[in-house]
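One chain, chain A, appears in both complexes that follow, with chain B as partner in the first and chain C in the second.
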Partner chain A sequence: MSQTMPTAKQRRLRSLLFWAVPALLLLLPFATNPYTQFIANGMLISALVTLGFTLVIGNLGQLAFANTAFFGIGAYGSAILAAKLGLPWLLTIPLAGALGALGGFLASAAALRGIRSYYLAIITLAFGELMRWGYLHAKPLTGGTDGMPMPPETLFGTSFSSDTLKFYVFLAVTVLLVKATLNLMRSRFGRAVMAVRENEVATASLAIPTSRVILVTFMWSGFVVGCAGALFSRHVGYVFPESFGMLHLIASFAMVLVGGLGSVLGAVLGAVLLTALPEYLRAFPGMEELFFGLIVAAVLVLMPMGLASLLRRLSPIFVERFYREAP
Partner chain B sequence: MLMQLTLGGLSQGMIYALIALSLTVVYRSTTVVNFGHGDFVMAGAFVSYVLVVLAGVAFLPAAALSMIAMFVLGVLFNRGLVRPIQGGPHIGLALMCIAAGYVLRGIARMVWGREVLPMPAVFDMQPIFIGNLVITGDAVFIIGTVLVLLVLFFGLMAMTDLGKMVQAVYQSPRGARLIGLNVDRFNDFSWGIGAALGALGGILVAPVSLLHPDLGASFLIKGFAAMTLGGFGSLGGAVLGGVLLGIAEQYAGAYLDSALIEITAYLVIVAVLFIRPQGLFGRKAVVKV
Partner chain C sequence: MKIFTTMLATAALVASPLLADDAEWETWGLTDDAITIGVMGPFSGNASSYSKALVGMMAYYDKVNDAGGVHGRKLVAVQEDTACDSAKGLAAAKKLISQDEVFMLQGNSCSGVALALRPTIVEAGLPWIVAHAVSDSISDPMAHNIFHGVPTGSANGRAMAAFVLSKPDTENVAIIEHSNDWAHSYSNPARDYLKEHGVSPSQELTMERGQTDATAQILKLRQNKPDFIIAALYEAETAIFLRDLKKYGMGDIPVMGTAGTDLENTLKRTGDFDTVKNYYVIHSYVDNLDGTLMKPWADMIHKYAPDEELSTFSFVSIGSAEALVAALEAVGPDLTRSKLIAALEQVHDFDTGILSDPITWTATDHQGVKSSAVAGFVDGEPTVLKAWGQPY
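Up next is the complex of A and B:
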């Protein structure tokens, strides 16, 4: 790694910055109208989805596209637990995360059987589509094509239809999971994840249990994205099979790439930048697909390491331990 | 009943075979799996639709023109977008292909929106009745065209040096370069052929199904399932896998549950990769650490 690591002083500044951002964001609902607030809420969800995705394809370097499946599992899990079992929505967030982690476990079972590279991509794509087929056909549980509504709920007397209240909950969950992921990736475990990406055999020969590293990364990715799914079900108030199709996948790709593969900061940045635009494009059929497709192609050729690489060059504050300079 | 299902499966399977074959052609020479191939298939169908319905060209010349157009698109895609990142990791290449697919799909949707377009029937032939078996003109047309094409394709591979060149580039691009093969041009050619064959798949299904911008997504998965079943990278395996998948879908739909038709391909992928990852004729597919 040619990059200079941040000094102790810079690290303190960085942790100050890290907490300053959510602190400032607490004020955001006073500066928004209902529509921009709704979009801001969507950004937080995208940030978590992108974060979970980049862990597997960027940090672990596995070509696994099960992200959309985790997201759907989380959203449906939360909606079913809330609507059919009457659990309070807040409680369904970690449960949806656990279901997502279970999805991650299944996806990693493929990787651990030695199914890698394109095979892993194909089997995880199939996994996502099988799940979508399940949502469509498990009518009594999921409402089939009609989808299912989230039950109305209140917290401290405020209804959860309030986007401001949702924002504070979303923000808390996002900050918690981003911080936890940053710490995880800075730990010994995070270094092992990167080592597996660079050379699995060499990593195994250092007595690092590579299977366990892969398993845990997939499960953590599933947990983060599953939680995001739970937020999503409340965000939209309604869960449809269509939300978890291929368009969601390309949007996640674009966010991961624009931010920078394998960068936590990049995942958040990419999500924030790319969540708002499709809202404006939605009126024109096809524009979303065209737009995300062109962005992914352009980033791959022109800036393969994404925005995070530019920031790293700007200041060592933005150096995370785990990234790859050349793709 | 069984015969009728087999015939229906065969005619669907021929399309899958064609798509799996076109994916394999690209994969063997460039080691890139075109995750946007479904949309190339869709684009081929739409180009022929435009020529036939809007420009009034007859079906056969329209099909030929559409294949040529897709050949050119395949070459341009390889030169402009794949080659610059060819040395990079698989992830980048896979994402690039997906991105290209979405661009094609976005364009189709911009023009046609959420409309579903019917393609006029090409072959106005009275169905043939043999006992209980009904043979439609479309089935004859699809199976016949693909068979002719397969004979031509495998004939060329076996009779000319082309087959050896494909093998050489597949085994070692660097070695192929050393013996004087122009690997870059060969890759261009493979992308072109892959795109054109995929387009033909789209052109053949167009008259028997409806056209819409999302047409490609399901064919991509069918193509993958066929490749996986036949063995990734095996040309003959891709064809056999496609035919078997087409027939399996029909059987599963008729004897088990019609909802299973949509997911037979996914189940095949999962089952093959867990039970026999190398498929019927493939090489070792599993990484052991």
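Up next is the complex of A and C:
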């Protein structure tokens, strides 16, 4: 399917839109209650988790499932740095990202050894389970099954128990990381990532260091998701091993697919929809899982390229240069 | 920066229930004919079987409502699913508190979720009675509005050790457990109780989950010949341990198990009465589930939830629901949240008729149930015991 690329004017409009949406979102807390604000905060975290995931499986084209491991590393990293070392939580966000990047480095080892497809999937799944085993058994550090509470903290005299305050921090981190990822993917490096996805051997023949491309993409994915983990630790206020299991991975995978594999816009849309949906379905007790499954299936059947494809059809300003529709 | 901080502070205040007038806050969720109670539980997900723990409580609300309610007010439950997930549980709590504006909360399985909810609920200030989750940390350190209505993990662990020491001449006690926190939540309080009574465990052994043979552990125990063994093991491993204990001729040594095992299920697993004849488990009720003292409760549940297949969980929340209703009665028609909290702190030695031990909440201790009974086979019949050789 051919895509109409945006004109220069449309690109300027897109840039304006990118900053206008978060600017408008600054007003959101005036229209929410603590419950709806909490859900909005969860959407921002999910957006980052999905963004990191789609980079590896969508843009780089590697069937790797270490995403939940990066998320857990970030969450526990943030909680440990804040609770054990007394670091301000805000400072733990980039540090948790760095720990997530380290996780990405470790997870990429299998890919760098030439392991691909289902084998890479299983190895990265095992990596996630290994991390969860670590959270459970490193009790002096992680609290084991009892979990780990985040220490109370304030910013400008306002407690971080305020979902409104958390929202502004989460929004700032999300906008920064989405913008940085967009820039990265629009760069020469981003084109190399796409090239690896399309044909790794051909890419290598052009003297592009494919191993380095794979390594850096995994590490950036780990950084983004690690930062999301740090936000999650403050969002819930408690970190438990159960939060980083297969269910979380499946939910994140669903967000990637519903949003549109390999699309930054899709990552955000998928995260927003699938975080909000279970909350709307609270009105149907006992039927949530059924309705959730049906809705996800319907979206994927009607829009196999995800929600982002719908927007692309509406206007070229939503076309992402580094994204390629399936033939 | 100044504009930003002003905006933050304003937004925080707008979103905060603290802005509400105190008097209004005191009666949120109350009308002349209804008291709304937020009931959170794992109604979906992997741990949804724990939602059975709320069935008895809801049936009790229905029973009270059929009798006219409390001072003319019906107990209206607003259910929200936590899926045994901390983020989803927090969303449920925030919805109940800020959107549904319930008067109080009661329920909660899954200790992890309850622990995550604690700061939010403490800040919100409304009364919360924990009706199933057992982690001590939910109500310790004490929070002014959180009341534990079931035996906590430490109460059960201490009850295990108390039963062991109630057997005359017990001095040599061995402990075998899994190397996980679930097992430690029973074994550590049991150790503390033993030490307080001058007994140090003579042996501490580990049997990992999934182990299908306990020969190594049994041979070590055979050298030591303990008077009693405390076993903090899941049911499958318990059955293996008891089987091997009998196989090596040590079937006469009594074994004390946790509330995580069921006496008759363990018998079904081993298929041999001789292996379980000296096995005892924590049992929080006044009678066997099919006993005469439990029958009225079973009938009540079946009246309001006819399809409910009764299990140990089905009854666990009824006691705290009774204590709540007693406190509501004591407050009178002029009900407020503060008055209810004060009345709950007056609940003293409250015999629920279903829990083996009474509920006592005071201004300094909100962990209401301090012990548990024990179930074991006496003359071949499952029997609830207060202490060694003393039927309940």
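As a working rule, the second predicted complex is superposed on the first by the 301 of 327 C-alpha atoms of A that agree within 3 Å, B and C clash if a C-alpha of one lies under 4 Å from a C-alpha of the other, contacts with A are read in each partner's own complex, and residues count from 1 in each chain.
Convention: a residue touches a chain if its C-beta (ideal position, glycine included) is under 8 Å from a C-beta of that chain, and two chains touch if they have at least 3 such contacts.
Everything numeric in this text was worked out from a predicted model, so none of it was measured.
**Q** Taking the superposition as given, does A:209 touch the first partner, chain B, the second, chain C, both, or neither?
**A** neither
**Q** Under the stated touch criterion, which partner chain does A:114 make contact with: chain B (first), chain C (second), both, or neither?
**A** A:114 sits against chain B, while chain C stays out of touch.
**Q** Where does A:242 make contact in the superposed view: on chain B (first), on chain C (second), on both, or on neither?
**A** The second partner, chain C, only.
**Q** A:288 contacts which: chain B (first), chain C (second), both, neither?
**A** both
**Q** Taking the superposition on A as described, I'd like to know which of chain B and chain C A:161 touches: first, second, both or neither.
**A** A:161 contacts chain C only, not chain B.
**Q** Classify the contacts of A:279 with the two partner chains as first (chain B alone), second (chain C alone), both, or neither.
**A** Second partner only.
**Q** Touching A:61 in the superposition: chain B (first), chain C (second), both, neither?
**A** So A:61 only meets chain B here.
**Q** Going by the contact definition given at the top, which residues of chain A touch chain B in one complex and chain C in the other?
**A** 285-286, 288-289
**Q** Can you list the residues on chain C that touch chain A in the complex?
**A** The touching residues are 5, 7-9, 11-12, 14-17, 43-46, 79-81, 84-88, 90-92, 94-95, 97-99, 112, 115-116, 119-120, 123, 135, 137, 180-182.
**Q** Tell me, which parts of chain A touch chain B in their complex?
**A** Those residues of chain A that touch chain B are 57, 61, 63, 110, 113-119, 121-123, 125-127, 129-130, 133, 137, 200-201, 204, 210-211, 246, 249-250, 253, 257, 261, 284-297, 300-301, 304, 327.
**Q** Provide the residue numbers of chain B that touch chain A in the complex, in ascending order.
**A** So the residues of chain B in touch with chain A come to 33, 35, 81, 84-85, 88-92, 94-96, 98-103, 105-111, 113-114, 213, 217, 221, 224, 228, 232, 259, 262-263, 265-267, 269-270, 273-274, 277, 285-289.
**Q** Taking the complex as given, what residues does chain A use to touch chain C?
**A** That would be residues 26, 29-30, 32-39, 42, 136, 139, 144-147, 149, 152, 156-158, 161-165, 168, 232, 235-238, 240, 242-243, 247, 278-279, 282, 285-286, 288-289 of chain A.
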